[in-house]
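We just call them A, B, C, D and E in the order they show up, numbering each chain from 1.
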Amino acid sequence: MSVPAVHAAPRTFPRGVHPPEEKHWSRDRKIEVLRAPPLVQIALHQHTGAPCTAVVQPRQTVAAGDIVGNSDALISAPVHTPVAGTVQRETVATLPNGRHVRVVPVQSAPDQPSPEALWNDLFGGEWPTDSISAMDPSEIVRAVRAAGIVGQGGAAFPTHVKLARNPKKPVDTILVNGCECEPYLTADERLMIEAPRPIVVGALIAARAAGASRVVVAVERNKPEALAAIRSVADSRGVEVLALETKYPMGGEKQTVRAALGRTIPTGGLPLDVGVVVINVSTAAAIARAVLRGRPLTHRVVSVTGPGIAEPKNLLVPIGAMYADLIAACGGLKPEAARVIAGGPMMGFSLGSFQSPVTKGTSGIVVLAGESARPPETPCVRCGRCVDVCPLNLVPTRLALAARHKDWPMAQRFHITACMECGCCAYVCPASIPLVQLIRTGKVQMQKEVAP
Amino acid sequence: MTSSASAPPTGGTTATAAARPREPRLTVAPGPHIADRSLTTQRMMADVLLALLPLVAVAIAQFRQYALFQIAVATSAAVIAEWVFARMRGRPATLWDGSAAVTGLILALSLPATAPWYSGAVGAIVAIGVGKAMFGGLGQNLFNPAMVGRAFAMIAFPAALGATAYVNPTLGLDALSGATPLTALKMSGNVTPVLPLVLGMTNGAIGETSALASILGGLYLCARRTASWEIPAGSIAALLIATGLPALVRGVSGWSPLHDLCAGAFLYGAFFIATDPVTSPLTPNGKWIFGIGYGLLVLMIRRLSGYPEGVMFAVLIMNALVPLINRATIPVPVGGPVPSPK
Amino acid sequence: MNYLATVLMLAIATALINNMVFHFFVGCCPFIGVSRKLDMAFGMGAAVTFVVSIAALLSWTFTYFILAPGAPLTTWLWRLLRPGSTAVVDLSILNYLVYIFVIAWAVQLVEMYVRKFFPALYKAFGVFLPLITTNCVILFTCLEIMKHVGPVPGSVPDPWGLDKALIYALFAGIGFLLAIVIMAGLREELEHCDVPASLRGPGITLVIAGILALAFLGFTGMDSSLARRLVPTAAPAAAPSAASAERPS
Amino acid sequence: MDRHLPTPAERFIRGILPENPVLRQVLGICPTLAVTNTMEGAITMAGAVLFVLTCANVLVSLLRPLLKPHLRILVFTLTIATFVTIADRFLAAYMYDMSKQLGPYIPLIIVNCIIIARCEVCGSKQSVPAAFLDAVGQSLGFALALGAIATVREVLGFGTWFGRWLGIRLLPATLSDRVWAPWTVMILPPGAFLTLALLLGAVNWAGARLQKAEVSR
Amino acid sequence: MNTHRLADAWLVLVLAMAFGASLAAVHAALKPRIDANKLNDTMSQVPMLVPGATRGERLVVADAPLYRAVDAAGMLVGWVVPASGQGFADRIEVLVGLDARAHRLTGLYVLDQKETPGLGDNVTREGWRTQFVGKPTDPPLQVRKGTAQAPHEIEAVTGATISSESVTAIVNAAVRRLREQLAAGTLR
């Protein structure tokens, strides 16, 4: 496979939208370590793939980093406890996306490591690169799986699956996704500024595992500080850093690969089909941690931000902490708060209850204020603005219409299954039609009704 | 469940948030949670009315009380008809989205100054009743309502809306004493100079006389993205190329491509009528095809048919082709079509 | 007059200006009944175009040689039976009977032929063929052609040769095809519209047909001005023919 | 043999409204649209259909014991074409004006779906009286529909009703056209389509109303 | 197999015979009347189109019919020329009346037209047609919008210039044809 020259990369992709960035709420807030809450709830299914089953018993005491759940399936990843403490009876919690999952609650022991110690253990200290070239790729993959690493960019796909070599589909490039194109969110940005080293080293380890000769870190142009921080580490290690146009959804992997490498991922395909593995910056750091320090994925950075939260912050939180804990740590909601969103405002889910645990895929909590509700829906005026912005060149209004009328031949004619639910179409629709929601339910219903 | 009005509400259920004693009112709704609010349906219609102001101004300057009369009759008839038909169908009143006023005003501006009261009224009632309500109301009509109404009125009252209706020297308005530029060309080969066509000093339908006013309003609409620029661009390009190539070969004498551009309702139609989002294609490619088709049809009807102008017919014929255009221009998704399951 | 101009004029006049559906109202039943889906509509339109051309060929031939007043074949036979007779033999009373059987026979023939030699084509529009026997587009076209067939010079205004009859039929079919395909496109769109219950189906289809008929009025006069442009010597506004204004007698 | 077939009287009544060929079955649309710009045209066409349909239906009913299935349609067509020719010649001889106005639409009765449909549904199955009354009922229904459409079109389009035969003028000829003018469009094809569409809509609407009223009772 | 089919079809054959016979009877009974109707369309106009004429005599010249208008004594008083051409909507068919030497128009009648009712079909109105009566045939007639000024000008029907021009062009062509034939001596 020929590798296109770097300067051939367009640094952007066609269509897409430019929502207000709104990063100022939290971009300058240093990452704070959240003290371990008295109780954490570790979801047994926080990734794409098969759920785990608990491997601990109630009342069993566990140390921080102990395994709590595991599965034999290929597409799955174990879960670990972020705190030392006592296991309690398994219960069920509802994740923000509406999925009901089994959770293992762990009551935190009174003595937990200090914030500084925790930070140093996870991101600080030295990150040597000299041993990487000697590592055994399958060994890396095994370590990544054992650490329970799944994508932290949103989809939460088990990372070891992506890194495992497939002779039919050779990988030439590891693309580290530091775009963070959702408005408001700043977790990845802060991590790049404060811990560039593990990110770059993790990417190099991933490249060794996947057999890639090239490592590229792609960051949107609106994060100059992060770009500089990554460059200061990357340049000396042969890692390329690319500044991409600021545009939503630049972080979607189809768009990132197109903008950074000039390659087009086929519909229904993966970056793998064009010789690329895409990993999020936090994922990269987690890989370094797992391989070099043997630490599982137990903590992640979460932005708690927006005009409706008292003190916007970037928090390093134990996976399993409750949304309520995070909100409380940020001074609580302001009275004018109107909507609380798990994730970014474009693709995230609004919360009805804060009694949900943070999972490996949680990137932020955005609290909108004031008149944030979308205006009421009116009839589609066929203006075609949704068509003008769809990054995948679909015709959203037709997809929504087909979904609404359950006209599956029409839905297929307009390629409904290609939609990645990015929300650009609904964002611009002058008639406030819930296009993404219609398309999403349409896809599910179609699958049920036109069984092969 | 066939009606779009019965779709689930987008904002609504108030969550019982247990986080704080002060309990803000929180809403739960599907994403995206932010919206580009610079353009709503209502805002689009307001934009059109705003962009039509220069045309209205020229109309009033030129045709005085006659222009005011046409605008008053057609616009109020359209708005009243919208209200009545919405009531008859038991649908929520849709007056405030402003689309009926746009239809009425666009229709009014396409009438001759001296058209009798019933032509505007019948035109507006047919526009809203047959052109819009029968198809299910805003957003669902397949033909441009204003042009449906105008076509009906024009064929119903050919003497009042046809070529002869324009010339009326007895009313004491200079603007009404000569034939319209297109009629003058068709009937006696007289060529009107370009400048009066641009400024709006000729006879014609009250809103069509000034090319400049149409361009000003039209550029505003395109800049606001209320109207798709591809449609006027395609139609103007098609017209200029189709008239310009023969002119290059034979040379220009008298009636030039510029005349074709500025005379009659071509620009008014290209910017305000062909761009009706509801009745034009969805994709940029489709919009180009639509615009080019409009331009060529106008030219063909002007040159070859019994009518001096072809805007209305061209728009209706292209409207009829929109479903076929939409079908032929389904874009290929980035990354190619969805692979068939196998 | 220039032959090409004649053909072009006849084609435009037949397909667009005097469109079968929008001007003459013939073929309304299939136009309403078979225009719900685009592929069906196309099949129906193609089948009609095909059959109407064949029916035109047959009916012109029958009319010219056998049925019309003074038709050569009939006259010859009559003279054979009654040498010396000078009467003008006229079988035109049988016109309608003959046409309807010619059409029925042509449909059968076409069906058999297409099924045998063009199975793909048969799949596309074969199902419509039997329906076409009672399709008035075909009969109407035969009747229009009949008006222009007169073996005796001067017996009809504007007599047509077989070529013109065939062009007329072909474009009559194309006009119908155009109308039904446009309508099908619109109706597929309409399936997702909130049309009042009492107008769904035939009602709204007729409303659209009315609007299309309005739109097609825009083509009025195109044939004659095209002829004038192609043949600049023709008199303004009209290309008068010297033929009689009489009906065939 | 008559398995719950409607009685002759029922046949008659049904043809007029409940199974009106145009308004309920949407058959015979072409002549309905083509000849209804004047009442004279509508009534003449309805008369021709009455003649052809009655003769054809009765004859088919008479022949019904002899009909072989595969030759049925052939016999229908032959019969209909013959009676249409007779009607056509009769008009040409005695109502030359109307014959010129209706032109090809009289011969088109041959392929009119109403007639074939009646021969199929009633003539070939029921007795002569039933066939006769069915034909008359259907023709009256046809006349009713044509008359309704022609009334709307002639009154709006010309301002007259039976203008040529009876000279009834509803709009004074002296009315200034600043006040009101006849609608030429109603005489032209668009008016025909729209009038029939609205009439169908009105009939459906009234039908739905009646049904609702019955259900609630 | 074939004979079997034929046996099946006896009803059709019998019917065909019966229908054929009845049609022949209808034809025989009505044909004279129908023919008279058609001819009358034209013939009954002759006295109106040519003053002094009482009847027409049908000729066919160069494959086209033509009528000699003769008075009661059988003397030639003028000609009636059938002619047609394209109008606004469809063909317009007219009869043109001329004096014996084709110097003046003596009448105009529109046999058939499909122009727009209320507009183009005003060319059939007597008020408009009488303009043609008495017009000299040289130079050819011309349509004028507004009031006619020269003797060879015809006022257009308001709102229907195209129909007016069509009729005028048809008349001019008919005149030209008759004058050519007179000049060539094919007619007397």
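Some observations on this one:
As a convention for this text, a contact is a pair of C-beta atoms (placed from the backbone, for glycine too) under 8 Å apart; a residue touches a chain by one contact, two chains touch by 3 or more.
Just so we're clear, the structure is a prediction, and the values are computed from it rather than from any experiment.
Taking the definition of touch as given, a chain qualifies here only if it contacts subunit A and subunit D alike; those chains are B, C. The chains that touch both subunit B and subunit D are C, E. Of all the chains, the one whose CA centre sits at the greatest distance from that of subunit A is E. Subunit E has its Cα centroid 86 Å from the Cα centroid of subunit A. Per-chain Cα centroids separate subunit B from subunit C by 36 Å.
Rounded to whole angstrom units, the spacing between the C-alpha centres of subunit A and subunit C is 66. Each chain gets a centre from the mean of its Cα atoms; for subunit D and subunit E, those two points are 33 Å apart.
Within subunit D, the positions touching two or more other chains are listed as 74, 78, 82, 85, 89, 184-185, 188, 190, 194. Within subunit C, contacts with two or more other chains are made by residues 93-94, 97, 192, 196, 199, 204, 207, 210-211, 214, 217, 220-221. Looking at subunit B, residues 2, 4-5, 130, 137, 140, 151-152, 155, 158-159, 306, 326 sit in touch with two or more other chains. Annotation, chain-chain contacts: A-B, A-C, B-C, B-D, B-E, C-D, C-E, D-E (touch as defined at the top). Within the complex formed with subunit B, the subunit D residues making contact are 177-181, 183-186, 188, 190, 194. Subunit C meets subunit E in the complex at residues 18, 90, 93-94, 97, 153-154, 157-158, 220-221, 223-224, 227, 235-247, 249.
If you check the complex, the residues on subunit C that touch subunit D are 22-29, 32, 93-97, 100-101, 104, 133-136, 139-140, 143-144, 196-199, 202-207, 209-211, 213-214, 217. Chain contact summary for the complex, subunit B toward subunit C: residues 2-5, 89, 130-131, 133-137, 140, 142-143, 148, 151-152, 155, 297, 300-301, 303-307, 310, 312-314, 316-317, 319-324, 326-327.
Those residues of subunit E whose C-beta lies close enough to touch subunit C in the complex are 19-20, 23-24, 26-27, 31, 35, 38-39, 41-42, 60, 62-65, 82-95, 111-112, 162, 165-167, 169-170, 172-174, 177.
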